[in-house]
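Shared between the two complexes below is subunit A, which has subunit B as its partner in the first and subunit C in the second.
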Partner chain A sequence: MSDPYRHSILPKTALGGWLARLLDSYRLVGPVADTETVTSYRRLGPEPMLRLSGPRPTVSPKAHLLPQTETLFTFQGSGPALALTAVEPDATPTVVFGIRPCDARALRRLDDVFLERAERDVHYDQRRRATLLVGLACATPGWGCFCTSVGGSPAGTEGLDLLLTDLGDRYHVAVLTPAGETLAAAAEMGDAAPDDIEAARAQHAATAARMPALFDVDAAVRNIRWDAPVWAEIAERCLACGVCSYLCPTCHCFDIQDEATPDGGVRFRCWDTCQFGEFTQMGAGHNPRPTQTERARQRVSHKFKYLVEEFGRAGCTGCGRCVERCPVNIDIRAILRAFAEEGR
Partner chain B sequence: MRGLEQAIRDTARELLANGRVRLVLGYREGSVPFRTTPAFIRTPEEVDRLVWNPFCANNLAVYLPAAVGAGGCIAVVAKGCDARSIVTLVQEHQVPRERVVILGVPCTGMADPARLAGADGSLHGTAVTWDGEGTLEVRDAGGGRSVAVRDVLQERCRLCEHNTPTLADEMLGERAPAMPGAAEAFAIVEALAGRPVEERRAYWRAQVERCIRCYACRAACPACYCRTCFMDKTAPRWASKASTADESWMFHAGRAFHLAGRCVECGECERVCPMGIPISALNRMLDREVRERFGYTAGLDPESVPPLGTFRPEDPDPGGSEER
Partner chain C sequence: MTEDRSLYLPNLAVIDRIAQETWDTKTFRAVFSDPGLRDAFTYHPGQFQEVSVFGVGEATFCLASTPTRRGYIEFSVKRVGALTAALHELTEGDAVGIRGPYGNWFPHEAMRGKRLLFVGGGIGMAPLRSLLNFCLDRRSEFGHIDIFYGARTPGDLCYTDEFDAWRTAPDVNLYLAVDKGDERWTGYVGVVPRYVREVAPAAENAVAITCGPPVMIKFTLPELQRLGFTDEQIITTLEMRMKCGVGKCGRCNIGHTYVCLDGPVFTYAQIRRLPPEF
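Presenting the complex of A and B:
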């Protein structure tokens, strides 16, 4: 079987030097410990900060492509003298280091939304083009993880330029793209021995084996219904916070706001979520999603119905953050499994 | 304490069967063995879904105003903290006392699932069973082990001062022993308050910089029942939707002030915060102020008047001329 990519080996002792060289040419982002139990993808400095062990980070990396708050333009004056000034997005070449396969795949889903439609989102586009992804194969699934149930894998390569696999004192490095070759060239890597390649494959298989698919996602997609009683059942418990959406690597809805003084102001966009009551609140007071029931339906249907209809791919990569951090233990895996098993 | 689960079911069954309540708020099995999920029980046939174990973390009082608003009487399975929240809701006229039946559960503290994780930091595939007393049997890829609930308590529970409900219509068990950290409930306040103001400012700025404005703290808080939070008001807009550290600080500080003399330290805000922000330290700071200046502890007596809900000429005036 011929490999679609090149295999290299990076001794762990060479990791620091590689990162230091990358830092000369790129902004680096990677998993950093915020607290003992919270890990976020944060901008890295020259000092060692990475937390590469354990389950995928608490917070997804999407803020680096879709900032929580982003100024689109500023305006000065008013009336005929009104002047608009575009604010160029910060498109500094960036490497997201140690991104998990679910999160890299999630960025491809954001690409669907922001780049594949008739109108490309210029801000997202510029940042996305400037972003390279160095993945880290998951060896430790979190308790809510279900990537294998939605077509992913703990060692999936979709969207990645490199994939690292931790082999103890060294990393196996799969070089997946020409951009990945460029990044790898900055490291003191050697060719992987057959044993290393085998060890990486064995680890991938062992992790995947711990995560059997929990439901038939195609059946779930087929059976999701507008009038299913489960929406009200979820709504009853749901506290209407934004944890699920804001931790989600693919939730991308935003609000647009103007803030002005008499001299001028800014128009910015900021994360928003269908779980908040004001999300679709109209100026005149009407809300087409008046209760949490419609909002529960919206979040699940958007990911597993509307995006599937539009792009042929679900807007969920099974990272499990919503599962683990929901304050009331609403578990989207159970919701999807129930739909999948309907009528069987 | 398996007896407590049976007592909850028996009492719930009776209350539903005789029509005394239309709904029982309790806990049922969660999607994993180290979580439960809130249960809305409406018929006697459903009561056997109710469970009691060291993972009944949610403060169910948060559901009460809406449940009461929908009519009828509601029974609530209430730990010490939940009962104090109900007292506050009654005092503040959000829940008529006669419309709620408090099923008091003497609480020995909730386990923190994160503290049951294996060496790899994950709870993936972890099985947990409770012996009905004080021990959890934990089994994961690393093997099996016995863990005392007392050794893996959620911090809010370790510090709890009123784990046995101070108000109940049906007390379903004997008074529980005091929690191990009850005497240190304000240690975090002492530790922070002793530091220079600039240091404290830097500390809180670093904390709120992580805030992602998901508002889970607000959503999980039974005392945060405003129909429209000041953060969401649009006309006028008090706070920006721009997610900056300044705006997040205004939210957390504003929320803390709104909860002064009302917060019962259930700690739900901190439990649900995905970013690990030590939110309840702010509430404890103001709680200590209220206790010291007004001799008042929130959530103990439904007949008492909360100090910030009234005015007396002899009230202390810390910002006034006397102390300036």
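Presenting the complex of A and C:
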């Protein structure tokens, strides 16, 4: 069996030198340990403190493409002297190093919204075009992970330029794109031996085998119902804290607000979530989603019904963060499994 | 407009006229500061825009003016919250930001040659006024026009300055209704749906365009159906909270339909296919 991409080997002793050379030309972002148990994708300095082992990071990388708060423009003066100043998005060439396949795939879902649906969002687009993705195959899935249930894989390559697989004292490197070739050229890599290629494949297969699909996602998508009792059941427990959306790598909804200063101010956008009651609250008082029941239905249906209808792809890559971090143990896997098994 | 212009960057405009429509509603006329844009800016009746008061924020308003009258745009604002209160504080000469036009529009091409029935209530008259004045400016292209417009009291009727122009235009009937009259009111007292039933405009080769409070729409629909209007012959606009206006912020969807992109104008046939969440 031949792959459509090149296989290389990077000795782990050469990792530091590679990162240092990449840092000459790129901003580097990668998984960094915040605490023993919390990992985030953060900007890396000259002495990268990468945490490349363990499950996917606690916090998704979306903030590097869609910042949690982003100034859209500033304004100065008032009356006839009022002026607007556009803010150029920071489009520094960036490598996200060690991004997990679920998170790389999630960026494709953000692309659907910001680049494919109607007009292009230039703030997102300029950052996205400046971003290269060096993936790391998952060997130790988190307890909430379910990528294999939603069409993904712990070694999936969608959206990646390179995919690294940890083989102990070396990384197997799948070179997936021309941009990936450029990145790989900065490292002291050798050609992968057949044993290395086999070892990487075996690891991918072993990890996938540890996470069998939990439900038939197509059946779940078909069966999601407007009047399902599960929406009210979720609402009874939901605290409307929004952590599911904030950690989600595909949730993209935002608010737009002004912050005034004595001589002007800024217009910014910031993450928002359909789980907050004010999200759809209209000025005159009407709210089309007045209770948490409608908001629960919106979040699940948006990802698994509306986006499927619009793009043919679900807005979820099975990263499992919402499962692991929900303070009241709302588990989207169980919700989807229940829909999938309806009428069987 | 360059390709890399931010979707969120408004164009500056100056408020050059403010009309006090009712105790809580004003109509603002705005002129773009850029003379080129002032000449080039055009839109269709039914489209909306995002209006900025810098330092306070931005909100969605339908264009209440008609693109047949160039050089300015108008929007009517009922004071209900922080942004609308800030707009009401503005005086002539103040600057605002305008993004748009956004959304779809009333299918005026398909309305050519047809009888038009406008049914408006309260501030819901604003998008209808855009289409109505558009049709009056191109009067020969459209058939007979009936206008039903209602409000709670005579003092709650907007666009009163234009009533004479509407009722004296050729082949136009204006039917005004109030829920509760006052000592000077000599017109119809009662709700709009009942007035529609009494006048009974013909449905043949007609289109009904309705916008107003949900309760008015709810009771107008069966009257229109009784008159023979099909779901495809009834057109309305939907209102959802919006921020971006361009299909990104994820706030105005009803199922997979984005009101900012696929709306705000829908036929009743389309609305019946939407999930009931608006």
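A few remarks follow.
Rule of thumb we're sticking to: the second predicted complex is superposed on the first by the 339 of 344 C-alpha atoms of A that agree within 3 Å, B and C clash if a C-alpha of one lies under 4 Å from a C-alpha of the other, contacts with A are read in each partner's own complex, and residues count from 1 in each chain.
Note that a contact is a pair of C-beta atoms (placed from the backbone, for glycine too) under 8 Å apart; a residue touches a chain by one contact, two chains touch by 3 or more.
All values derive from a computational prediction rather than experimental measurement.
Annotation for the three-chain superposition on subunit A: subunit B and subunit C fit side by side. Judged by the touch definition given at the top, the superposed model places A:267 against subunit C, while subunit B stays out of reach.
Shared-chain residue A:257: touches subunit B and subunit C both. Within the superposed three-chain model, A:21 lies out of touch with both subunit B and subunit C [touch as defined at top]. In the superposition on chain A, A:225 makes contact with neither subunit B nor subunit C.
In the superposed model, A:294 lies in contact with subunit C only, and not with subunit B.
Once the two complexes are laid over each other on the shared chain, residue contacts for A:243 go to subunit B alone; subunit C is not touched.
Once chain A of one complex is fitted onto chain A of the other, the partner contacts of A:40 are limited to subunit B, with no touch recorded for subunit C. Superposition on the shared chain A places subunit B and subunit C such that, viewed from the Cα centre of subunit A, they span 90 degrees in steps of 10.
Of the two partner chains, subunit C is the only one touched by A:73; subunit B is not. Put simply, subunit B and subunit C get as close as 7 Å, counting only Cα atoms, in the superposed view.
In the three-chain superposition model, subunit A touches both subunit B and subunit C at residues 255, 257, 272.
Within the complex formed with subunit C, the subunit A residues making contact are 72-73, 75, 78-80, 82-84, 86, 113-114, 117-123, 126, 226, 252-258, 260, 264-265, 267, 269, 272, 274, 279-286, 288-289, 294, 301-302, 305-307, 309-310. The touching residues of subunit C, when paired with subunit A in their complex, are 4-10, 12, 14, 52, 54-59, 78, 80-81, 83-84, 93-95, 97, 214, 239-241, 243-244, 246-251, 253-256, 261, 275, 277-278.
In the complex of the two chains, the subunit A residues touching subunit B come out as 34-38, 40, 53-55, 58-59, 68-69, 139-143, 145, 210-211, 236-237, 239-243, 245-247, 255, 257, 259, 268, 270-272, 276-278, 323, 325, 327-331, 333-334. Within the complex, the subunit B residues that touch subunit A are 30-32, 35-38, 40, 58, 62, 114, 120-126, 141, 210, 212-216, 218-220, 232, 234, 240-244, 268, 271-272, 274-276.
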